[in-house]
Structure formats: C-alpha cells, structure tokens
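Letters A, B, C and D mark the chains as written, and numbering starts fresh at 1 in each.
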Amino acid sequence: MAMRGVLRPGFIQLRVLDMAAALTHYIERVGLEEVCRGADGRVYLKAWDEFDHHSVILREADTAGLDLFAFKVCSEDSLNSFKQRITDWGLAVDEVPAGEQPGLGRRIGFTIPSGHRIELYHEVEMSEAHPTIVNPMVWPKEPHGMGAIRFDHGLLYGPNIDKVEEFFTKVLDFSVAERINDDQGAMALWLTVSIKAHDIAFVRYPEPAKFHHVAFLLENWHEVGKAADIITHYNISLDAGPTRHGITRGQTIYFFDPSGNRNEVYAGGYAYYPDNPTRSWTMDQVGRGIFYYERRLNESFLSVVT
Amino acid sequence: MAMRGVLRPGFIQLRVLDMAAALTHYIERVGLEEVCRGADGRVYLKAWDEFDHHSVILREADTAGLDLFAFKVCSEDSLNSFKQRITDWGLAVDEVPAGEQPGLGRRIGFTIPSGHRIELYHEVEMSEAHPTIVNPMVWPKEPHGMGAIRFDHGLLYGPNIDKVEEFFTKVLDFSVAERINDDQGAMALWLTVSIKAHDIAFVRYPEPAKFHHVAFLLENWHEVGKAADIITHYNISLDAGPTRHGITRGQTIYFFDPSGNRNEVYAGGYAYYPDNPTRSWTMDQVGRGIFYYERRLNESFLSVVT
Amino acid sequence: MAMRGVLRPGFIQLRVLDMAAALTHYIERVGLEEVCRGADGRVYLKAWDEFDHHSVILREADTAGLDLFAFKVCSEDSLNSFKQRITDWGLAVDEVPAGEQPGLGRRIGFTIPSGHRIELYHEVEMSEAHPTIVNPMVWPKEPHGMGAIRFDHGLLYGPNIDKVEEFFTKVLDFSVAERINDDQGAMALWLTVSIKAHDIAFVRYPEPAKFHHVAFLLENWHEVGKAADIITHYNISLDAGPTRHGITRGQTIYFFDPSGNRNEVYAGGYAYYPDNPTRSWTMDQVGRGIFYYERRLNESFLSVVT
Amino acid sequence: MAMRGVLRPGFIQLRVLDMAAALTHYIERVGLEEVCRGADGRVYLKAWDEFDHHSVILREADTAGLDLFAFKVCSEDSLNSFKQRITDWGLAVDEVPAGEQPGLGRRIGFTIPSGHRIELYHEVEMSEAHPTIVNPMVWPKEPHGMGAIRFDHGLLYGPNIDKVEEFFTKVLDFSVAERINDDQGAMALWLTVSIKAHDIAFVRYPEPAKFHHVAFLLENWHEVGKAADIITHYNISLDAGPTRHGITRGQTIYFFDPSGNRNEVYAGGYAYYPDNPTRSWTMDQVGRGIFYYERRLNESFLSVVT
C-alpha cells in the first residue's frame, strides 16, 4: 500500500455528565450504534460505515470534555517507529497495554504542546456490525437518526499551536491543508494525513487541553438539512448552521450534546493531496473562512469549549 | 507527508473522431475548461477543482479510444524508484522528455499486461485556473454544465488481469478495494492508491488495450440527476443509469461522447483505507454489484468498449 | 376559498394477497402508519403529512388490484351537486353510508367507462396522528422507511379513455395536464384538479378496471435515491427507475408490493394551473415522455397491471 | 376546471435604484430571463418555468420598494365579478387599460388597508420563452444562476392586518394557511389561494405599503445551498439563512438586491388544502416559526423593509 504511518483518526474518548442522556443523543440522534459497555462504565460506540471495533468512547465524569484523541497507524512497526520519533522530538511516551479497551491492542500515548493527550495504535478487532465484505450492501442495516457515516475529525483548542504544527508535520507526517496566521504565528491549523481536507484541527487558545468539537460525516447537504430538522425536533441545543465553511468547504451544522460537548455533522469538502498548496486566510477574511455564508464570526463558536 | 509513491490519476489522453464535437461535449456538457491547444492539434482540458495544468487530453484520430493513462507520483525520487521497480518486474520503460505536453515535466511510460500504456510523472505546472489558495472561494468561478469536479478514475478492459493485479499491488503499491473472481481468477479489479474506493479498474477481456470509461466526480446524487437532465436535453447517447453501483457504492450515470468513448459522472462511494478488507463478489451477485438497483447486467455496458 | 368541488385524491383501497407481508411493505418500507384495523380485516393506513383519517386501505383477497379510488370534495353540497351531474351524465350512482369505513362519512360511488369504481365523499375525521396545528413541527414524528409524505395519485388502465376524459373534465371539473393521442384518440391522460401535475391518470387498455400504480410523494430526488437503496436492501421487486418522467417531470422509482401491485414514489414535477396549455406527446416521443432519461419504453411497465 | 377566481401571484413591480445592477442581480444571479424593455425604461423579466409574458417588472426610481403586486384571475367574468365585490367591500377600484404593460390585457387596481396596491387581471400573452408544450423537455433551456423556477409569493408589511385578512378571505376567497395572533389580533398572516402554503403574506407594521420580500421557487434544499454559494461568491448581501421556516416549512435563504429590496429563494413547504386547519403560533414560539433551526428572531429580518 502507498499510505504509510498514520492512517486516520481512530477513536475519541469524551467525558459526559449523564450517560443515559449521552447515549440517547449519540445513538438515537447522531445515529451511532452501541458496541459494548466496559466494566468501568465506559460505553463504546461506532458509526455504521466503520470496520474497527469502536470509534467513540463515552465516559461519565463530573466535567465534560475530551479525554483523548487516538489515531490508527498502518502497522506495529510503524507504531514503534513513531514511538522513537516522538521520544526523540522530546515528548514523554507511555504505553497502554492491550485490553485497556475492549477490542483494542497496545497503544502509545503522549501529551502534545497544546495539552491534549494523543494516542496511536495499530491493533484493533473488526467490529461485528462492520460493513458487509462479501457481496456488500450499501449499508449493513438501515441508518437511523442523522445517519453518521464515520467519526471524521476533531477540533482542539490550546496553546503552542506552532509547536503542535511542527509535531504533526515533522513527527507524524501530517500536511497542513489550511491555516490562519496572525502576527503571533499560527492561529489555526487544519491538518490531514490522507486526502481528507482535515483529520484534526487546532485553534490557539490560552487554556490547554480544551475541546471544540468532534465531527461526524454525513452524505451530503440534504442530510445536513435533515440533521437540522432532528436538532430542532428534539430540542437539541444548536450552535451554528446549517452553513458552509470556507475552510475545507464543508457543509455543516454544529450543536451540543447534553453535557455541552460540541458536535458537528458535515458533508462535502475538497480532496487535499499532499502536493496541493496550503490554503491560507488573512485575518480580515476569517469570518468567511469559518462561516462562508454569514461571512462573520459567531461569538459562541469561538469561545465555548469543554 | 504520509502518502508516498503514486498520488492519483493525473491525466488521460483520449482519441476523438471530431475535435469540435468533442470540445462541445467535454466543455459545455461535462463542464471541463479548455487550458490550451498544442501545435500538434491536441487540446488540453481540466476540471475546475484541479490544481495541475491539465487532466484530460483530446487527440483527433480515426478511431476512438485511450492513448494513455497517467499517474502523478509524489517526487522525482519516487519516479526514479518506480522506474527501477517496473524494470525489475520485467516491463520495458521508456522516457518521455519534459515538454512533450505543455506544463508537464519528464514522464516514464510502459505497457502493462492488459495492453494499456501507463505513464508516471511528478513535475507539472500549476494551472492558471486553479482553485483559490489565499482566502479561497468555494469555486474559482461558477461551474457550468455537469460541473465535473475532477478527473477521477478510469475502467480499462484487457487480458491478463491477474498480472495487472500483481503489477499494481506489488510494484505501484495500490490496494484492491473490490474484486470479482471466477474460476479463471480475477475477472474484475478496483484498485486504489489513497482512500478513494477506486483510482483505476480493470475487467478481463480478450482484446488488449480497450477502454471502458473515464469518470468525473460530481458533488452528489442531485448533481447526477442534473447530469441526466443535461444528457437528455442535448440528446447525448445514454448507456446506463442514473443508478448506483454496489461496487464502490458510487451513484452514477454512463453516457458516450460523440466519438463513442464512454463517460461516467458519479458521486458518493465509501472511503477505502488500506487496512480495510477487500470486498468481493460472487458471480451470482455480480449484477447487483454493477447495478445495485437493477440487480442485473446490461449487455451494452459489458461489451461496448473503444 | 377559491377551490371548489373535488379537492384531491382522498383514499385508495387495494387488494393484497397476504396482509402481514403487505403491512411490512407499506409501513416499514414505504413509510406509512397504521391507523386502525376494521372488524372485516381491512387495515387503514395514512402518510405522516395527511390530516384525514386514512388514505390507503388494504383488503386481503385472492387477487391483487384496486377496489376503488376515492376523491374528497369540498362540501356536502358539492357532493350532492356531483351526484346529480354524474347521474345526468348517465352513470348509476350508489350511496355508501357513513361508517362503512372508520372515520368516514357518507360516500357516493359509480363505475366510470374504464371499469373503475370511483367514489366521492366530504366528511372525514381528522386523524390522531395529524400534522401539528399549534406551533407546528416540520413532522409530527420522525419519518421512517421511504418517508412517504402523502398518497398522491394513481394510474389506471382500461377502455373508453375518451369517455373517461369527458367525464373527468365535464362532470368532475378536472383539467388535462398532459396527453398522448394516437389515431384512435386519447391513449393516455394525466388529469389534475388543483395545481399538481396529476391527481389521476389513465392509459387505454382493452381489459377494464386494471390498476397500474399508486404513487406516494417524497421530498426530492435524494429521497428517491434512498428509496432505491431500501428497495434493493429488502429485495423488493423493482420495476423501473430511478429515473425521471418527461410527462409531469416527476423524479421517480417504481416497484411492486408483495402482492404484485405496483407502487411509485416520486418527487418534483411542475405546478399545473388550469390556464396552462395541455402538454401533448407525439407517438414517436412517447418513450422520452415516460422515461425521460432512457428515452425508450420498458415492456413490463406497459403491460404488467393488477 | 375546479379552481375559480384568483389563480396565483402573476407579477410584481419593484423599484430599483440602478437598473444595470438590478439586471445583473435578477438575471445573472437569481436566474430570471429578460423578456423586453418598455419605452418608459421598465424592464420585464420572467422565470424559466412560467408560461405568462412576464412576472417581475423593474422600474428605476429614487427609492427601492414595491409598486404593485398583481394576481391573475381565471377569466374576464371573474375579473368583473371581483371588481364588484371589491367595490362593495368599500375599496375604490381603478382600471388600467390593456397595453400599459407589454403583453398584458386590462387590469383592475386598488389599495388594500395595509397601504399596498394590488391588481387583478386575466388577459396576458404567452411568453416566447415558455415551457415546451409539445413533447416537452424538462426545461426549455438550461437554467442558470440560482435557477429560479417561478415568482412564487411576497411578504408585505403594513397596518390594519385584520382588515387585510377580511379582504383576502371574504372578497378574494383566499384561505389563511398560518397565522400569528397577539393581543391586538392578527400580527402575521400567510394566505393561499390554491394548494401552496402561501401566495402572499402580511406582517403588521405601523408604516403602510412596505415591502419585506419577493420569493422565487427553487427545486430543493440542495439548490438553496447552491444559491448560498452564489450569494457569497458575488458578495451579495445576505440577510438570513440557509435555514428552514417552521411556518410553511420552506427551506430558505434571504438576501438583498443591490437596491436593498429583500429576495428569498426557497424550496419545499407543505401542500395546503382549503379543508386543512389554519396552523397558528403562540408568541413564545414565533422564533421557531420564523427560523426553525435557530429558534430565535433576527432583528434585521423583522425591521428592514423597503
């Protein structure tokens, strides 16, 4: 295969205040499926079009937010090689043994300069509810709710974004698809490791380890509209949209889970190849970059994080 | 960057019987843009969302069909490395010097066991009508006709598909996303080099070097419907669709250019990652694999090639 | 109100061979809701966006087909006036007392020259699951399956279409939105009573009282595609489509219920106002009229009726 | 035919500050076609799916706003009957002779209690660029820009809405599809004369004869999204959306023409039949009624009128 190293965002672990409410939200509304529950109370979910065991983990806690964001890499050799490169770059790397999560092999973890815990792993079991492999159907069973296709990307807020950029591009081999620079350097980065417009993104923020949103893929703008209908029908708290981003071109809507964690469901966006130029935004056009139609920023979008 | 070697289908060169009719078709109907014309009469086209100089070349000739299918690779080093690997695998490799096509650097070319000429290159100028890079707009100018987003993939017919599979997977590092095997081995292959469900596909056929179709990407099923409206409005010869493929899940319509070369415009399809299993089809379900809704084959789709 | 006389198709009664299979089909797949079951075994269904008590009645029988097609009129006075006009035109009119169907008042019934039983009524209770009236939601509850919005129209096959045209236009005040004439006169008629492109349609056929299809409205072409996905997923027998009609411009797909009754789900179509000209088709273009993309007829579509 | 009296909104005459800018806007962006120019400088436009001679008239003037809103009625007899009924209700009715506008017959005009001039007419020539009648194509030529299908409705602001309601329902035979009442009576009304959710709407406002918006129909939510792309691409002033109305369920986007007249392009909405109940909104839910997704009002939407 031509792809090496990091393949994609593999799973995210979120803290929720009330597990029952969170499950209704992520399963009935967003459209994920429950895979299993751990002895420690964590609940493992996946989207219908994912082969791997799970992609979203919910953990009941006193505060909302992000526990960790994990990427799948292409092999154990690659994992070992990353361990060395990350250590060489100066981050402490710990090992999480296989079995800490059901279905998952050994992981390595570390804290990046924005304060977020990132993990890498290779081994993971195939989910039982995986897409059909022999004589496949378009979907293994009829999607429900918003019909989220996959856990797609996340946006994280924290300090030291210039260092985060160096880490992701030099150590993890990501590319910068889009960026906003101001006179202090990188203000926001959209990073990709295959041909998606983004796999993870960062915005400069004084407080470390903050979580802006987790995004799930939908089929198209029509499905974004149906997600909006669902959001109002069930009185889910809307943040922004339906609209489009200038950055990535994604057609999008933002809303909050019952614990206040922001979710995005989106469709579209261009294909970014690593030989493409990095798109960049000047500060006077950032409004259009974030909200292409409104062409101005929305205060809560910028400042509310968990 | 994490992607290595071959990046994507770069351009295709097609033979057309009547250049004026072909230009009306590919520009006014499919929605490509003319880049320039060569002194030898070839016309260079591109889709609106491509950075590179051109992606479709039309050459007037007495017979329709495919001259060559070219892939862009990530670097000159990679190109040299492929030259060695291809030679080692046993194919004769020739060099095409920079300048044989406007905007393009040096290429290497060779004939694969199905009889098709394939080329690899790295150097190519950026098109003037490239997507905007600073404070980008969703499109650089309003799309027209079917609004083709990019040259996406091709399907080629010829013999020795098992050898073609070995070549693409062992030498060019492609993955097999889907396959149909019969008792003679590989009957059809869908090959990918990034996370698209296919970049090139092959069907076993006794005659070498035949061309089934070139495909252009559209935004979604709604745009496939609008393409269908355009096809009938301008009395373009329809082959099949609008329908969906079981294979790749693409939402699709097939039609012929005025020279009889088959075109596809399509949307959707899953993301294939190289750790995903290869999907496979048994012969009794091939009808559904090709035409998911009709669940049976269409004679002209199988047998008409140029 | 400006609309007088007949308002719209009100309900249809179909014969099915196996009630359980029919209910799975119309409820789980097409997306209707069960309203109630009668003591005689008939089952009453409705679509989510209808105010009236029911719009589809299923009756278990030894043969599939249509029992009757009923229109709602604007008032009891109007009903009485129609009774007189129909009698004057020469048809025998019978009375069906209130209560023959749950929720329905008195009806009048008669057999038109094509052999079909048509009924008119005014009084009907509002369904419990009606669209919300005070501070309405977009839907009263999340649609499911194909999400059929309403019972929209039917196409009936039988003899004496010229007489049927006279009856519907002179007696029931319908307009002819589109027509196909051959040297024997009207071969096919699309009749409307408000601004829909059709409320009922007829095709000339030697055998009387035959049923071609009942149609349900979907939101748009995207939903037609999702209906197609459902059709294949549950192995429902497909007849034609997804495609578009030249006649009415509807975006459409045809399939069969488990008893062999043809269903259509469709979207789009123009608004027909009674001051618009009747669109007409010449015999050489009928293929495009029926199947706008394929531009040729499909034998089963023409000849299979129940 | 079953429809009587008023058929539909026929045309609107708007004042624009700069005709050249207005023509670029309504033709290139909204997608209307120029029909002709009058000796007095007025420019006549129509949408591609309309049979009548024109539906939008632009008049250059020093202030933006609405000159008149005209409805087509079903016959000259009906026109005469309305003249009598309107006079009997107490409004002064004037006659505008045939020829005051190209292609149009005699009209009657009057000022309703909200201060707006309304006209009725029956006679109008068919446009040259009408939809095809014999062997029709889906569109007579490829739509462009936003692809507006028809002039659909308008929203007018002014005083005496209770009297306006009485006039439209008792004299012109409209129905009230939706309403917002407060303790002073009708605050807002959505009025329809066939099965559209609205043909004209009114909001109570102290100043008479004000214009909120003119609306054009699009095919679906996907086209609303494309309209949004066009709005930003050409830097058109956005007012609100893309979003959905709770009232009428329309999927919508609002923007301003270069003179400050508000435009809407929208899709969807339910079918309203005159036997349906009037939907009503309580004041605490009006935000959701207007903007279904945001569930709160937008100051400029309420207060900016021309």
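Structural remarks
Keep this in mind: a contact is a pair of C-beta atoms (placed from the backbone, for glycine too) under 8 Å apart; a residue touches a chain by one contact, two chains touch by 3 or more.
For clarity, every value in this text was computed on a predicted model and none was experimentally measured.
Fitting subunit A to subunit D on Cα positions gives a rotation angle of 180°, stated in steps of 5. In this structure subunit A contacts its sequence twin subunit B using mostly the same residue numbers, the overlap exceeding half. Think of it this way: of A-B, A-D or B-D, only one pair shares over half of the C-D contact pairs by residue number, and it is A-B.
Between the CA-based centres of subunit B and subunit C the separation comes to 44 Å, rounded to the whole angstrom. In this assembly, the C-alpha centroid of subunit A lies 31 Å from the C-alpha centroid of subunit B. One inter-chain figure worth recording: subunit A and subunit C are separated by 47 Å, centre to centre, where each centre is the mean of the chain's CA atoms. Listed for subunit A are residues 137-138, 220-222, 229, 232, 244, 288, 292, each touching two or more other chains.
Subunit B contributes residues 220-222, 225, 228-229, 231-232, 238, 241-244, 251, 253, 288, 292-295 to its touches with subunit C in the complex. Those residues of subunit D lying in contact with subunit C across their complex are 1-8, 49, 51, 72, 74, 126, 131-138, 150, 172-175, 193-196, 219-222, 244, 246, 249, 267-268, 270-271, 273-282, 285, 288-289, 292. Residue ranges on subunit C touching subunit A, taken from their complex, read 137-139, 142, 220, 222, 229-230, 232-233.
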